[in-house]
Structure formats: structure tokens, C-alpha cells
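Below are two complexes that have chain A in common, paired first with chain B and then with chain C.
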Partner chain A sequence: MSWELLLDPSLVRLAVSMAVPLALASAGELLMERAGLLNVAIEGMVTLAAAGAFLGAFASGSTGVGLLVGAAAGAGVSRLLAHYAVAWRRDQVTVGLTLYVLCVGLASLLYRLVVGVRLTPPRVETLPPVPLPYLENLPVVGEVLFRQHALVYATAAVVVALHAFLFHTSSGLRLRAAGENPVAADTVGVDVFGLRVRAAVAGGVLVGLAGAALPFTFTGTFTEGIAGGRGWIALMLVIFGRWTPLGAAAGALLFAYVEAFQFKLALLSKAVPPQFLQMLPYAFAILVLVRAYRGAEAPQALGKPYDREART
Partner chain B sequence: MRRSVAGAVLFMVAFLGAAGAAPSRPRLAMILPGVIQDADFNAVGYQALKEVQATTGVQTAHSEQVSVADAERVAREYLSSGYGIVAFHGGQYLTIVQKLAPLFPDAVFIMESSGQIPGLPPNVWNIGRKFYEGFYVLGVLAALSTKTNRIGYVAGIRLPDFVASLNAVFQAVGKYNPRAEVLYTFVGDQNDPVKARQAAESQIAAGVDFILISVNLGTVGIIEAARAARRPVLLTTFYTDKSSYAPQHFAASLLSNFGKPYVEVTRQILAGRRGGYYEMRPGSGFGLTPPRNVPPEVSRRVQQVWRAVVLRQERVEEITDRVVERR
Partner chain C sequence: MTARAVARWQAALAYAVGLAAALGVLAVLVVALGGDVLAAVGSVVRASLGSAAGFGQTLNKTAPLLFGSVAVILGLRAGAFNIGVDGQIYAGAVMATGVAFLLAGWPRPLAVPAVLLAGAAGGALLGAVPGLLRARAGVNEIFVTVMLNFIALFLVEYLSTGPWNDPTAGEAITRAVPPGTTLPLLGTRLGAHSGVILAFAAAVAVWWLLYRTVFGYEVRAVGDNPIAARLGGIPVGRTVALALIGSGALAGLGGAVEVSGFHYRLILGLSPGYGVMSILIAVLSRRHPLVAIATSLAFAALVVGTDSLQRSVGLPASAVFVVQAAVLLVLLASEGLRRSP
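Our next item is the complex of A and B:
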């Protein structure tokens, strides 16, 4: 297999675009997990945010409003998760799975209430490419990286900013402390409860934007099952990235590349059954995950409700 | 007082007796694999159901997103609630019908498949859908319209219907433009627009300028890929006309009218015929929108081929078990 095929600009360009929802969702999940909250509602949140973003844009005619509605939907659900998991100290997996089911059903219901049954699906405008002056003319990378839609650039900025926040600011240190050792953090005056709630809302905003990216960059409409397991993949990417934003984003790019490559391969070789090619990204994910999980350390208090009264 | 009570009782007995003697109209329940707001396969199924109710007066109900594993339970619930006709909108429910029909001989079942299924119980109506004959005509349209001589076909699951449709496209292209090549992708999901878009973008990058769409909800992703392409890409779709979605990209749509077979079958059941076969094919349940965005001579030729297929003057071979590439 030649390098020309592997590094085909159209393939890499597609992979970069496809990585956006994965990178945003994994960044949001990572922020929550770093604070000690495990969010297994993520697939449902992506679906609900996609529906909310589409309906917001459909009703208002503005993509900006759609993005806000999508972000708000993600933030709202994660705030609810935080309420049960932080304030009421309920089991995070149970609450998360309940919210997942609720979100998927709610997305479908809202769409039906607003749009109803039609033979022509309504659509909203997808985000147009925004070529960056000068950079777009760079050989190869100009085409691949700098003629993308605005969410690609925004995602890159979010990932770098989140990395800087978590590992190079005192606020980031406090947040990580709340996820590693909430008792110790509380002892030195860190507001563990408040931090976890704020991390949940901020993470929910990013997950919501990941959901909004699906109708605004790929489809122009909302469809049942639009998340297509991308929320679960984002959950895996957090582990792949060893709970670092740059690592998770690299994983998102890699997964998106393999996903895009299967379609290229399908056109080149008819000898390989399509079912095998469709399995490729997930087989790749399992293999990489097994490798990446070795030596990876999750935040120590991840998934554990913090109870100040339990201290002895 | 006693006389008036007895009179009332007699009246009620007579009334109930008369009501019991009157032949009750069977009720029809439809089981759908997806949601009715999909603007596609399930939406046209739901429309057919509404048409049955409006034209025959039969009371209807429906259940959405019923997986094959759940279908038997849902069907039994309808049967035990007094529904005399249970329709399965989708070819995946065949084994459920084969199992339930002998167990409920008083009920009538309606099922869909790619063709006539041999040996079905006597209380089953089989609607055969010959999509591939319609796809043959769409293949002719693609063959005569492509400028790059590269035609794309995007399907979801490798089901016999879609394999037959792809083979029909190969036959059409082989006959009407042997220089053209057909690139096809099965994305593994009929309803994932993101995957469908990825597949379409890969095809467009490989030089395809005409894509025959054979997915359901995935269609919207392919439309977006065509809109984002740097050179003109034409599309065709099926079930419903989606040309308003991207008027400058649509060449034609193969329309499905499930109302016609469902109304006809329901009338036959009401008339006492409890089983049989109804075939949907070009001219009978399938229609073609007038070709657009193509030269007039191409449009004329395609409509000629359509009429020839309707009249069975142009035969299309049905191959459902393997892809036979003809170049």
C-alpha cells in the first residue's frame, strides 16, 4: 500500500472533519472525568444536542442559535447528572444510563413534536468552509487543514486551551485534585462539590457542541440514531488519550482516519467483504485501547461520590 | 315497574344480539422497523396505513421501531387485542410471519419481500417489491448522464433487494455506456447519514459525478456530500422525492406508493380472499419523477426505457445473492 494512498489529501481532509464531534465529545467527557464524574449518558447527550441544535436552527433560521441550543442541551443534562451524582451522591453509572435512555427518547419526541411526519426532511444550512488567508495556500496542509469549516478551528483551539487549563493553571490543578483525592482537596479549601458541578456543566457544553456538529457539518438535518455510537467512542478516546486533551484529540483523529480509510479501501478492493471493512475502525479501537490502557491511570476518585460526612 | 325493567332487559339483549350478529370489520395493525418521521421508508408505510383507513374504513394502529426480535411479541399483542390483520412493513419479518400465520389461522398477515415467497401459509398476503427494475432505469439515467464515466452506488446493508438493485445498475451501465465504471459501497447502515456522507465523499474524490442512493436516512448525508463537492454531482434517490432538498443535484427519484398495494390487499381481505401475492414494480406501485438537470435527449431516452420496463419489453435479470460486475 503506497504512501500516496495513505496520505491522500481528500482522505485526510475528510478525517479531520470527521474527528470534530469525537474530539469535542471526548474533551467534554475528559473534563468531567478529571473532576471525578463518570458520564455514561454521553451518547444520549450527543443525540439530544444534535436534535436541539437542529430544531433551534430550524425554528430560528440561525446556525448560531442552533449551536447555543445544542450546547445548552448538553449542559442541562450534565447539570442534572451532577445534581444526582454530586448533591445526592447517587451511583453515577445508574444515573448516567438512565439519562442516556431519557435523552434518546426525548430527542425523538422533540423532533416529532416540532417537525411531525413529512415526506421531505427539513434541512438547515451546514457550515461552509472558511479558508484561512495565506495558510490555505500552503502546499498539501493548506488544503487539508486550512480550508475547513469553523468548528474544526474551534475544536483545535478548545483542545489546546483545555490542555493548558488542566496542566498549566492552578484552577486546573484544583479540578484534577477534586478528581484524584477529593478529601485532601477539601482539606485545603477546594470546593469539591462546586468544582464538580462546574466541570459537569462545562463538559456538557462541549458534548453538546459535539452533538451540534453532526447536523451542522455532516447532514443538515436530524435523524434517529445520528450519534451512531460516537458518544461511546468518545468515552473510549478519553482512556486512549490517558485522560489528556491532546491525547484524546489525537485518538479522535486516528479513529476518524481509520473510519474514512475503510470507505477508500472499499472502493479499491472488492475482494475484502464490506462487513470486514465496517468492522475495521472498531477492531482498531479495541486493539489500540488494549495497548493504551496498559499503564494508564484513571483519576483515583472517578465515579465515586464524595461524601464529606464520611470522613473519619 | 317490573314490566319496564323486563322490557329494558329484552331491548338490551336484542340490541347486543343484533350487534353480535353484524359482521365486524377487522382492524389492521402495522409493524414498522423505524420511525414514521424518517421521510422515507417508514413514512411511506405510515401513509399507506392512513390511506387504507381513509379508503376502506378499516380501523388501524401501528408500532414503530420494532426490531425482528420484538416483532412476534408486538404482533401477538395486536392479535390478542382483536386485530384481525397484522401487516409487517419490511422484508426482515419473514420468519415471524411464517411462524405466526399457522398459529393464528383466523387472522390475516401481510408481509413484504423482494419477490414471491414460495410455500407461505394460506392466510398470508405477500407484497413483492421489485426495486431492481426501477434501479435499472436509474442506472440508464446515470450511464447516459455521467461525464467522468464513474458512477457511484451507496447502499447500507447487503440485503438481497440492494444487491439485486446494484446488479441491475451494472446491467444498465453495461448496456448503455460500457465505458463507464460503477463504484459501490455498502456502509453497513441504512440510516447513518454520517457514514453515508463519508462513503459518498470517498466516491466523489475517486471521480464519481453521479451517485445512485440506496440508503434511507443516510440520504441526507449523501446530499450534503454532493452539495460540498467542487464539481457537479448528480443524485437519484428512492421511496420519496427529495429533490427539493437540493434541486440542482437531483436527476430523478424512484417513488414508492405503498398505499396502492395495501389498499388493494385490504379490499381483497374484506372480500374474503385471505392470501395471495401482489407485485410492486415500475408502473404498479413504483413511479419515476421526470428526469431533471440532464439533457432533454437523455430525459427522453430514460422515459422510453421506463415505459419499456413497465411493459416488460426490456427485461432485467434479478440477481440477489452476489454482485456481478459487468463492464
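Our next item is the complex of A and C:
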């Protein structure tokens, strides 16, 4: 195998576009985790948002409506999770897993109710590439980065903006304080409860957009397994990126590359059964996890409900 | 009434409300699909509990759910979330099918235990990966178990469409296992297989393990307070790893029972979400293996009942997830309302 194959521009271009759902979902998860909320419902939220986005676009004929429905689905589930976790102080993993099951069921149920049973699954329009003027003509980089669809540029902007917000604004500092040491934050007047809920809604919007990106970038259809573990991988990318948006996005690119590479291999090689190639991204995820956990430090109060009256 | 009695009544009330919520959600779905609610309720009850054959179907669904939920419970008691029950069921089913093919012609009393042991070994193998990674490298078991679900699923897809495929079926299913390797039925009228007895036995065995053995005490100590357990001299990492291996073995046994008791072959859709249902059952049963027997029976009846609605009013199979999750959400909400002012 030669190096040209590994760095083939069409392969890298595909990887960049496949990184979008992973990067958006991990950005949303990270925002919540920085405020102290662990969202293990993320795989279900991605699935439900994908269904919502598809059905929104299917019913209205507009991709924009689809994106809105997807974002709203993510935000709604996330808000529900926050209510259980913040106001009712229930165990976040238990609530998250329950919502995961709910979302997965709801996604295919809604699809079935709206679309019904058909021989050929209906399609919605996928996002067209939007070449950026001048930049698209740069050698190699132009093709790889600047002839992508609009969500790619939006994702890049979101990641950079989130990074700047978390680490270079006082609101970001307050949000991180709510996730690191809610008692201290509360003492100096930070609204820990309100911040966690707002972080959940904003994070849910990003996770919802990640789900919406799935039907709109690849096949234009919805299937039950559309998330394919991307939500779980996004959860993992947060650790991989050490709870920084830029780090998680770098991880998203790495994973998307492995995923795209596996497609490429499947086309080239008939000797290896495709199922073994499809295992690659997941096996790779386990290997990367082992390294990612070395010295990883989560926000101190991650997953712990804040109770003003509890003794610490 | 004492505070304890009040708490017990409140818990009972919460379960009743949860059940009502489940039926409510179901009723809404039936109406949305244009069906008749009363006829639907009648059909659910008849299909799952109202006849010998229906009850037999419920028992057959109970087996994988009970194996799965006691597997989750064993992990949870050690403080580990085993989200990989689906993968472990598949791993167990793969091993059981493979060994069954090898043991064609063996006497049943030798072949069946060998097949079941192979299933348990397959599940244990898949449970060992997250167990060891958590003990050695501190890796969260949730991720590892989820990733292994996908890997196991692709392995089953490969085997059922490739080397073990039944060419006459035209689907992702393997050839039937040899007749001498299958579990006997419990009477012909019921149509239930003896695997459900094994599942009940497994639940009792896990209860005995947790409450009557030193290892079980250590598991519960580690799950309740790992720091105190470590200071008390319990090897925390090893205990969690062993609990996850045991958890995988239980789920793998469930997979083997599905192959040799129900399907008689390995199929791609062997587990229609038993893993996620097992998590809900484990939490609903308050992590108690004996309570899980009752909860698994109830969930199995619900699955069989909604399956019948699938035929009559076209309710999609996934609706059962919504109903089950709604029950747990109502219970969690009632806990939340009780404990916050």
C-alpha cells in the first residue's frame, strides 16, 4: 500500500465531511460535561434528531426545517435530562440510559407513523457542496476543505467559538466552575442550576444538529441504525480531547478518517470480508480509549447532582 | 403507619403509576394508528398471558431478558455499567452455534451442557475485555462494552451470511444446529423451552452469590463504596473485572439458550434489543436478582403483547422501547418529586 492511497484527496475530503456529526455531537456533550452534566443518552438523541430532521424535511420539503426539527429534538431531550438530573437529582447514568432507550424507540416509531411501510424508503435532498470563492482553488487544500457542504463550515465555526467561549470569556469560566466546584461557584453567586440547564439545552442543540447531519450528508434516508455508535464515539471523543472543543474535533477528524478509510478498503479489497473492515472503527475506538484514559481528568463534579443542603 | 410502611406504599403507588403510564402510552399509540383501544388491550392480554401458548411465548421471552438483567445487575452491584449485554448474547450464541456444529451425533446429556458452557465462555470473553481494561487502565466500561456490541454484531453478520449461512434461507441465518444439541421443550401445549428454568436458576444463583458468599459481599462493598472497600483490603480492580466477566458469562449463557432452545440456529436479529431492555429491568428491579424474575416476566409479557399489536394494528416493534422507558421515567420522576421539596 502506498502513501498516496492514504492521503488521497477524495478520501480526506470524505473524512472531513464524516467528521461533522462526530464533532458537533462531541462539542455538545463537552459543553454539558463542562457544566457538570453527563449525557449518556447521546446515542439516542442523535438517532431521534436524525429521525426528526429527516421527517421535518420529508414533510416540509425544506432542509432548513429539518435542521430546526433535529436541533429542537436534541434540545428537548437534553432539557428533560437536565430536569431529572438538576432539579430532581436523579442518577445521571440511569436517566441517560433510560432516555437513550426512549429516543431509539421514539425515532423509529415516529418514522413509522409519518412515513408508513413502503417498499423503497423515501429520500430527502442532501446538502449540496458550497465552494468557497478563491479558497476552493487552492491546490489540494481547496478540494479537501473548501468544497464542502455548509454544515462543515458551520461545524468548524461552532468548535472554534465554543473553545473561545469556554476558555476566554467570563461566562465560560462560570460554566466550568459549575462543573468543577459547584459549591464554590454558588458561593460567589454563580447560578449553578440555571447554568447547567442552559448548558444542557445548548449542548442538546449541537447534538441534535449532529443527528440532523446524518440523513442530510450521506444517504438522504433514515434507518434505525443510522447513528451507528457515533453518539457513543462522540462521548468518548470528549475524553480523547481532554474536555477541550479543539481536542475533541481533532479526534472527530481522526475517527472520521478511519471510517472513510474503511469504506475505501472495502472497495479495493475483496479478500477481506466487509464485516471485518466495518469492525475497524470500533476496534480502533477501544485502542484509542486505552491511551485517552491515561492521565485524563474529568471535570471534578461531572455526573454529581448539586445539592445545596448536602454536606460536602 | 411507620415511615417504612409509608415508603413501601409510596413505592407501590409509583409502580402502579408506572404501569398505568405504560398502558396509557400504549393506548395513545394504538389510537394514533387508528386501532380500537379495548380490542387492543384484549389482544395484548390474550397473546401474552391468556392462553397456554401465549404464556409459553412469554416464558420464552423471559429467558433472555432474565439472563440479561441478572447480568446487568451483577455488574451494577460492582459499580459497573454493562451496556454490552447484546454483544455478549451474540458472542455466546456464536460460540454455542460453533460448538453445536462440532458436536453433531454426541449424546444430548453431553452435548447440551457443552453448548451452554461454550456460550457462557463466549460471553465471559467479551466481558473480560471491559473488565480488564477497567481494572488495569481505568477505562470506563460503558464505552468498551458498547464498542464490542458493534464488533460482535458484525461477526454474527459475517458468520450468518458467510461460512455458516443456510443457502436455502436467503437471509442472514445459519444452518440449523444438530438436533442432539438442543434444549428440550417443557410440554408441547405450552411451547416453552427449558431454558427459562435455567434463567430462573441463574437469577437465584446470582442472588446466592451476592448475598451468601464472600465474593458477593466484596462485589457489593466495591459497588457501594470503592474507597471504603479498598481501605478494607478488598482488591477493587480484580473484583470489578470478575463481576464483569461473570456478567458477560450470564449474558452469553442467555445467547446460548436462545440458540439451542428457541431459534435452533444463529440469526442476525437474535437480540431485538434484549440488552437495553435488560438495563431497564435491572434498574426497575432495584438491582435485585430475585425481583428481576418478576420484572422480566412483566417485560416479556409486554413484548409478546405488543408483538401481537404489530400484527393487528401495525404497531412497530420499536414501540415497546417507548413503553418500557416511559415506565422507568415515571418511576424516576416520582422518586424525584418525593425527595425534592
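Following the convention adopted for this analysis, the second predicted complex is superposed on the first by the 298 of 312 C-alpha atoms of A that agree within 3 Å, B and C clash if a C-alpha of one lies under 4 Å from a C-alpha of the other, contacts with A are read in each partner's own complex, and residues count from 1 in each chain.
Everything below uses one rule, namely that a contact is a pair of C-beta atoms (placed from the backbone, for glycine too) under 8 Å apart; a residue touches a chain by one contact, two chains touch by 3 or more.
Nothing here was measured: the structure is a model prediction, and the numbers come from that model.
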Just from the overlay, do chain B and chain C fit on chain A, or is there a clash? clash
Would you sort A:Val104 into first (chain B), second (chain C), both or neither based on which partner it touches? second
For A:Gln278, is the partner it touches chain B (first), chain C (second), both, or none of the two (neither)? both
Can A:Leu267 be said to touch chain B (first), chain C (second), both, or neither? first
Would you sort A:Thr221 into first (chain B), second (chain C), both or neither based on which partner it touches? first
Determine, under the contact definition given at the top, whether A:Pro121 touches first (chain B), second (chain C), both, or neither. first
So in the superposed three-chain picture, is A:Ser10 touching just chain B, just chain C, both, or none of them (first/second/both/neither)? first
With both complexes superposed on chain A, which partner does A:Arg112 reach: first (chain B), second (chain C), both or neither? both
Per the contact definition in the header, classify A:Val159: touching chain B only (first), chain C only (second), both, or neither. neither
Just one of 3-11, 21-29, 93-101 or 165-173 in chain C hits chain B in the overlay; which is it? 165-173
Residue overlap on chain A between the chain B interface and the chain C interface 108, 112, 117, 224, 228, 275, 278
Chain C residues within the chain A interface of the complex: 29, 32-33, 81, 83, 129, 133, 137-140, 142-144, 146-148, 150-151, 154-155, 157-158, 162, 273, 276-277, 279-280, 283, 314, 316, 318-326, 328-329, 332-333, 335-337, 339-340
Chain C contact footprint on chain A (complex, rising order): 40, 43, 84, 87-90, 93-95, 97-102, 104-109, 112-113, 117, 224, 228-229, 232, 235-236, 239, 273, 275-276, 278-279, 282-283, 285-286, 289-290, 293-294
Contact set on chain B toward chain A in their complex: 34-39, 43-44, 46-47, 65, 158, 183, 185-189, 191-195, 197-199, 201-203, 205-206, 217, 220-221, 223-224, 227-228, 240-242, 244-245, 323, 325
Chain A residues touching chain B in their complex are 8, 10-11, 14, 18, 108, 111-112, 115-121, 123, 126, 129, 214, 218-221, 223-226, 228, 230, 259-260, 263-264, 266-267, 270, 274-275, 278
